[in-house]
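Have a look at the structure below before the remarks.
Letters A, B, C, D and E mark the chains as written, and numbering starts fresh at 1 in each.
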Amino acid sequence: MADSALPTAPVPQLAQSVRDRSGVRRLRYYGEKLGGSLVSLFAVILTSFFLFRIIPGDPVRTMTHGRPVSIEQQEQLRRDFGLDKSLAEQFWTYLTGVLRFDLGESFQYNRPVTDLIGDRIWPTVLLVGTSVIVSAALGLWLGVRGAWNHGSLGDRVNTGVALTLWSVPSFWLGLILIVIFASGLGWFPTSGMESTGVEGWERIPDVAHHMVLPLVTLVAVVYAQYLMIMRSSLLDEMGSDYIVTARAKGLRDVIVRRRHAVPNALLPTVTLIFVNLGFVVFGAVLVETIFSWPGLGQLFYSGLSVPDLPLVQGLFILFSAAVILMNLVADLLYPVLDPRVRP
Amino acid sequence: MALLEVSDLTVTYRTAGGDVPAVRGVSFALDAGQKLGLAGESGCGKSTMALALLRLLPKTARLTGEIRFDGEDLLTMSWGRLRAVRWAGASIVFQGAMHSLNAVQRIGAQIAEPIRLHSRAGEAAARKRAGELLEHVGLPARRADAYPHELSGGQRQRVMIAMALACDPKLIVADEPTTALDVMIQAQILTLIESLVAEQGISLLMISHDLSVLADTCDRLAVMYAGRIVEEGPAAAVFGAARHPYGQALAAAFPRIGDPASRRRPQGLAGDPPDPAELPPGCAFHPRCAVRLDHCDAVDPSLWPAGSGEGARAACVRVLPDDGLSLVPAAKESA
Amino acid sequence: MNGLVWARRRRTAARFWSQYRQNRAGVFGLVVLALFVLTALLAPVLTADNALSVTRPPGSPLQGPSADFLLGTDRSGRSMIDLIIWGSRVSLTVGFWATFISIAFGTLFGILAGHFGGWGSSLLMRVTDWFLVMPSLVLGVALAAVLGRSLTTIIVAIGVTSWPTTARLVRAQTLAVEARPYIERARALGGGHLHVMSNHVLPNVMPIVLAQTTLMVGSAILTESTFAFLGLGDPTTASWGATIQAARDVGAVSSRMWWYILPPGIAIVLVVLAFTLVGRAIEGVLNPKLRER
Amino acid sequence: GLPANASTDDAEPTSLTIAVSQEVDSLSPFIAVRLLTTNIGRWMYDFLTNYDPKTGETIPALAESWDTSDDGLTWTYHIREDATWTDGEPVTAEDVAWTFNTMMTDPAAAEANGNFVENFASVTATDEHTVEIVLNEPQVTMLALDVPILPEHIWSQVDDFGTFNNDTDFPIVGSGPFILTDYQPNVAITLEANPDYWRGEPKFDQLILRYIDDSDAQVEALRTGEVDFVFGLTPAQYQALQNEENITVSAAQGKRFQAITLNPGARLQDGTPFGDGHPALQDPVVREALVRTIDRDAIYEVAYGGLGEANGGYIPSRYDTFHWEPSGDEEIGFDIDEANRLLDEAGYAPGGDGIRVGPDGRALSFRFNVHGDNPQYVQAAEMMAEWAREAGMELRVEPVSEVGSLLDEGTYDILTTGWNVNPDPTYILSINLCSGLPTELGGPYLSDAYYCNDAYDQLYAEQLSELDPDARAEIVKEMQQTLYEDNIFVVWGYADQLEAYRSDVIASMTPQPDPGGNYYGQDGYWSWWSAVPVGEEDDAAAGSGDDGSSDDGGSNTGLIVGIVAAAVVVLGLAVLLLRRRGATADDRE
Amino acid sequence: MSESIQSAPILSAEDVHVEFEARRGGGRARAVDGVNLDIAPGEIVALVGESGCGKTTLARTLLGLERPTSGRVLHRGAPLAYTSKALKRFRRDVQLVLQDPSGSLNPRHTVYDAVAEGLRIHGDVPDERERVADALSRAGLRPPERFFLRFPHELSGGQRQRVVIAGALVLEPNVIVADEPVASLDASVRGEILALLLRLRDDLGLAALVVTHDLGLAWNIADRVAVMYLGRIVETGPVEKILTAPEHPYTQALLSVLPEAPGSPVVLQGEPPDPTRIPSGCRFHLRCPVLASSAAAAAGVDDACRGTDPGVLAGGTATQVACHYAVSLAPSEQSP
């Protein structure tokens, strides 16, 4: 977009070759994006190896943690974890492990980190996924309304509320919600994802019931971003000439908004949503911890407090990979949404 | 009867820095099939006027006066009726086609949109008509699937023209349709507009800052300065023998190649264009006027028949009987 | 000449202020901010000498609000009001320093990457990208482990993890500025890289940086409280985040000690909101396109 | 897929929900080392012996009785005949032998409890109900073998004990009072009453462990009735819950001591010093002066809300047999003037900023590394720093997430520490032996304070071979006094264990010790096994008869009485022997 | 090679080629494809041509802002060295004025700063104030003190362009390269700026290369005009000659579409051609009305038009045209 295309009028006989070339270009574009992501991913894998080796302390000591273990046992563990090998060897083992989705064995759970992640990923996906959908929908809707009536009382109240919520530490908000709505009014459970002993279809309303407070917390602190972005990009679009054109065509305001302004304004917002998604997963750490939501965030928190290095390291890679993946998706999606940046 | 009759139109923008009178009492008429050119330097209110014609101005603009289109007053018309007049009655070609087209919609859909809206045509019919229109402006119909950015500036401007023609309007307002374009493409577009308008008997209001271009295209010319029309008349009369000093200066600014008079002698107008928010008293042009009279800062002349040609008028004290001295307020006289 | 220049600057500042003043939310933010900054500066005057003592505290632990202690006392018997006052010092310090690091690095790298194209820039951007995808908390954990749990660690961790955002913003702005004809003109006048970067790019990037700074101080304060929550903070300092964490440690929420948990949270919300509002207001003044918003 | 409980067939099953936050490391007793999972192991699997709820003495469990040879090297356990696995198979001596033999031969199976069998020469089932263990050397823990006995017929099919977590087939076949029927990681663990348990069926049909990470959320859940039992309360929560309707709170004497250790100069066993501990701490005068600045009472009053006991003894007062505390002159109590005097005398004159400077020119400014996640430690540390300042010493409180590495490298001056102490003190005493020092830099070691005192080692050896319990207790007390006087391992006291439960759900429960003891983390399963649901108090009183008639091979009152009686008989024997507690629940930070 | 007895050119391009990696993939763009151009002291040369034909690129190359892929730029007969020191020296002598005066001024610099920038870069500080004032008044901003502390946004477009010109003048250059200096200005203001350029030439002997697409502008001020098409100069010579009696069909077409031009306009079809795909033969032949009208065939040059490159025109002041047809009509006039 920035390098506004020079007028390239394909001379008819050249049209075919142009199309071929655009195919190559498209491939190159996707290749570049994919390659970039892989490089980033590799960098993350590399970092995580060294990052978690500069942390002082001996994992075996961390693991045996005040247990009456004999000196032989400690050495056995050291061998088990490959800590007696050279750094290069350790790196190789680690690297090949990661490539096989083997992220090592958690100190505190005595299970492969991959398994743990497998167990916990769905609650997080459920919570974070729902929160992203809800906050995006809410944020976009309010953003559109705000921009269309910008400067009005409703808009100012809306923005004010959103910014205030955005300024709230999410864990603090969570605590207060628990006090008010769970223990005070008793409307919602204080924590957890489901009640014990609920089976079958009844689990759905049960989980939903449990999810309300964490969801509200997560949405409350996140939606402001979507709102602000949507609002400002829509305001940008509203000043555009093509909007005047659309109005000049005799379209009704609602149609102008729906058919012209919003789709254009959505472009930056959608990428933001995706880029954000990777981070929201991570932001769930706080909320999941407060609400004992059995997801990755809580797992991470529990790993932090030990610290359970393989677990934290594995989650580090996972969270980073999520961000990279979402960035990639955004990169790949953008051309689909915006013909101008189509390679 | 005139197709478009604007009388005493004023537009004032309310801004944080105070009111900006962008258009200050403009009156003119445009007959069916006629081509009127509106010239003037940047900021004199041309676009504001163009947008005012279809009430497309932002909410911060206040309009007074009367705009009669086909006998109806557009300023008092209901929104529903106004929407019907928009595009079907009068359509607009804007200057920046890149920005006036929706970048993420295919051009075919954008052309078809007003067709479907105004003629209640079906999807397929509208598409077909869009294709025809594209052919009409010299683009292959299959380009309907293109996005604006895939077209060159000239092609985009053609798309705008095709779009303007979509609902067979009675009037097309072209606001600087060629300004950003290259000489050669400018010529292409102007030729195209001229031929289409002639062919379909559409009225044209063409806005430009290039008097020479307008003189070449239009039947009549109006020159605007600081929100007013200061000179109006048949094209040749205005371009060749303007009576208002600004009109003269503007005409002289376009050299005639081969004319030794302008060789190595660029003609300009000293001083700066006026700021509509702080207009000088009296005739707004007087600070830059080379033939200024003493009382020019006190008299704000209106259009007065002057010069050659039918209905030629100018707004200058010098065309008034007794140099407009009779209009000087008493206070000034004594001073 | 110099006098004129100053008069000029004053005029510019006055114009800035007159535009800023029209943003009511921004003015509100500024007032709140001024109050907190004042409080932070005057903390030693506003509180008694033993306000922070744990062995000779003014009150007994965990008292509810009373005439002596309007917001009650903390787990050591110190007045909550005093803690909030002192906390403003710590929190603002953390916010400012973390932001300083972040902005300094971000601006430097952003300008360098934007000014020098080519593979150097791509490399720099890769590094920024890579920092961008690194979960900041994990990096914080690692840093906390290496550097020990202290305010410095938190400042460094926040600074180090947040500079890429600034870098990207600054780079984008640098690219935009570099495309302006006046850069070409400066080069045609014989100006070198340093001249272009310092005389043209930097002044034009500064407004964005300024707005970004204000926004970032707020988020740094938020992040600090998050770190405290995750147990990475320094519990011996009285930052608001640490105070909330202390309240959680004693079980203040379930013990219904609202006076322990609410004030620090509200202080955070107010300051973060104030910074956000001020940042947005500044943005609005500096970027007229946004002014209407 | 559980046998329905006959007595509650018609009614809703009664359940007792406990809020927990600790994660499951493994449900395999071979691996599990956490407090939570070792506790669950106790509820699921019977041990050879158990501890009396009242006194904490050893009482029979799977082993009805036992004999020992004169040289103390051969132990014969007689396995009870009425014990069955929950799948109906009988519990036999083979199972016991298999369990121990597996731990002896497979290092993976020895991970959790290997220290019990290190000294075993052989374990054989001489007949279906007799197990014979031959030792290499006498061992004091033979009546405290806290090892869950596993069903051979199921576990012998496991390939790799290192990775088997026992969490795939539910219900898990066990022999304890509860059967683990469901485990949803980090959501809940469900156990059901074992109707066939030989000691009698628990009164609650279900025991549910529910995951609630946040301590405030746990208390809120107790208030709303989502859980029935909460432990690990903060003093403030305890006080808040005290006045609440339908909630009963309990403050039990702690099993755990809180302490700091002063770096006396980290060194290897061969005496090579390492690390960068402050040299002044090698001066006993400085250490004493420092200890003199600690007001233990104030710490427990403020940081622990008065719910704890200030005490300098190494073994908590809860274990009164072994507990020692300084009396009168022995006490190195809070006296800042004395501290100043000591330092003045020793030539540590105040420097310019009021901090004393030693003869070597180094200021008495010490790093004080505190567990950042333990709020009480932090609070106490802040207090100590202020006191020390009054004696011209600076304590730079540096919270850390983990002290292990500082200890490894000897790069600390003062550290906080704390240990759970079990009924038998052998292990906790052993960490301060000279042999606990590392042999090489970076090598493994046991020490927690680089303490090494030949006199102490001497006493340790003596108490190991002292068979007379009173005499042994005397020696242990003397060891504690030595430790106390050296001012290296400085205990402040013992925080209470604070718990609360819903009294509208649980009518009664047995604490340990009874009365005044704790419910969660008992040595045994008494609290949950004995817990009576509200509304079934009468059943419970008259209930044993019911149980007797409805259970096929189950327990009856007589049996219980018998066991209790046997326990009393065994008491003497138990005291005779030195017990080395399998410190699976030792949970140092 | 110059027929003129005027002094040697002060700035010249010698067979300059500039290529770019084209923006979205797709080969290399030969933006300037062999240009010889001389600018004599005190001469105003107009470089005209369609959008995208390489005018700006050529201008930038002459200023040393772009390095030629091949060929060289000569400053007072000496090839331009691209070391930063040499460039800095060179740039005291050759100055640039850009199309968009608003963009050419840093919105955060005052007029004074903007004008003094060159002096500061070159370290000429002592009489800075006087020289700035002098440059401003030369550029027609009088009294200069009134403008010192204004910011660009407080000036009108014409005033801004004067500031830019003053900023160039302050270093007392000998050549000004002006890239579309008035294209963004109103017609009424344009004349004043052009008059200023003429006056500077007369007063200071400044040479100027004025890049434009406006033939009227060339008529207004230039001595000589060079018509550029797709990276090449296709016709060059004195203004009076080229603009009244053009020989190249492209120049003819350009002139014919001017609104006031007599006769019907020769509107070239199609878009401006693409520098990544320069046709073989005469680069104009695909759009050439002469070739299309079979006049070329009549003159027997149609094969040459399609197959033979008419070659690069030499520098100097002579009238030259790169067209087979034109050459065939008047062979004697052409220098090879």
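Just so we're on the same page, contacts are C-beta pairs under 8 Å (C-beta built on N, C-alpha and C of every residue); 3 or more make two chains touch, one makes a residue touch a chain.
These are the chains along with the protein names UniProt gives them: A, C = ABC transporter permease; B = Dipeptide/oligopeptide/nickel ABC transporter ATP-binding protein; E = Peptide ABC transporter ATP-binding protein.
Keep in mind that what you see is a predicted model, and the values were worked out from it rather than measured.
The interface with the greater count of contacting C-beta pairs, when C-E is set against A-D, is A-D. Closest chain to the protein centre (all Cα atoms averaged), using per-chain Cα means: A.
In this assembly, the C-alpha centroid of chain B lies 91 Å from the C-alpha centroid of chain D. Between the Cα centres of chain C and chain D there is a gap of 46 Å.
Averaging C-alpha coordinates per chain places the centre of chain A 52 Å away from that of chain B.
In chain E, the residues touching two or more other chains are 271-272. Listed for chain A are residues 5, 7-9, 56-57, 175, 178-179, 183, 301, 305, 307, each touching two or more other chains. Shared contact sites, meaning residues of chain C that touch two or more other chains, fall at 145, 231-232, 248, 253-254. Those residues of chain C that touch chain E in the complex are listed here as 1, 4-5, 8, 180-182, 184-192, 195, 199-200, 203-204. Put simply, chain A touches chain B in their complex at residues 1, 4-5, 7-9, 240-242, 244-252, 259-260, 263-264, 267, 337-340. Within the complex formed with chain B, the residues of chain E that make contact are 50-51, 156-159, 186-195, 198, 213-217, 219-221, 239-240, 243-244, 253-255, 257-261, 265, 267-269, 271-272. The touching residues of chain C, when paired with chain A in their complex, are 25, 126, 129-130, 132-135, 137-139, 141-142, 145-146, 218, 222, 225-226, 229-232, 241, 244, 248, 253-254, 261-262, 265, 268-270, 272-273, 276-277, 289-290, 292-293. Across the complex, chain B meets chain E through its residues 41-42, 152, 154-155, 182-188, 191, 209-213, 215-217, 246, 249-250, 252-258, 262-270, 272-273.
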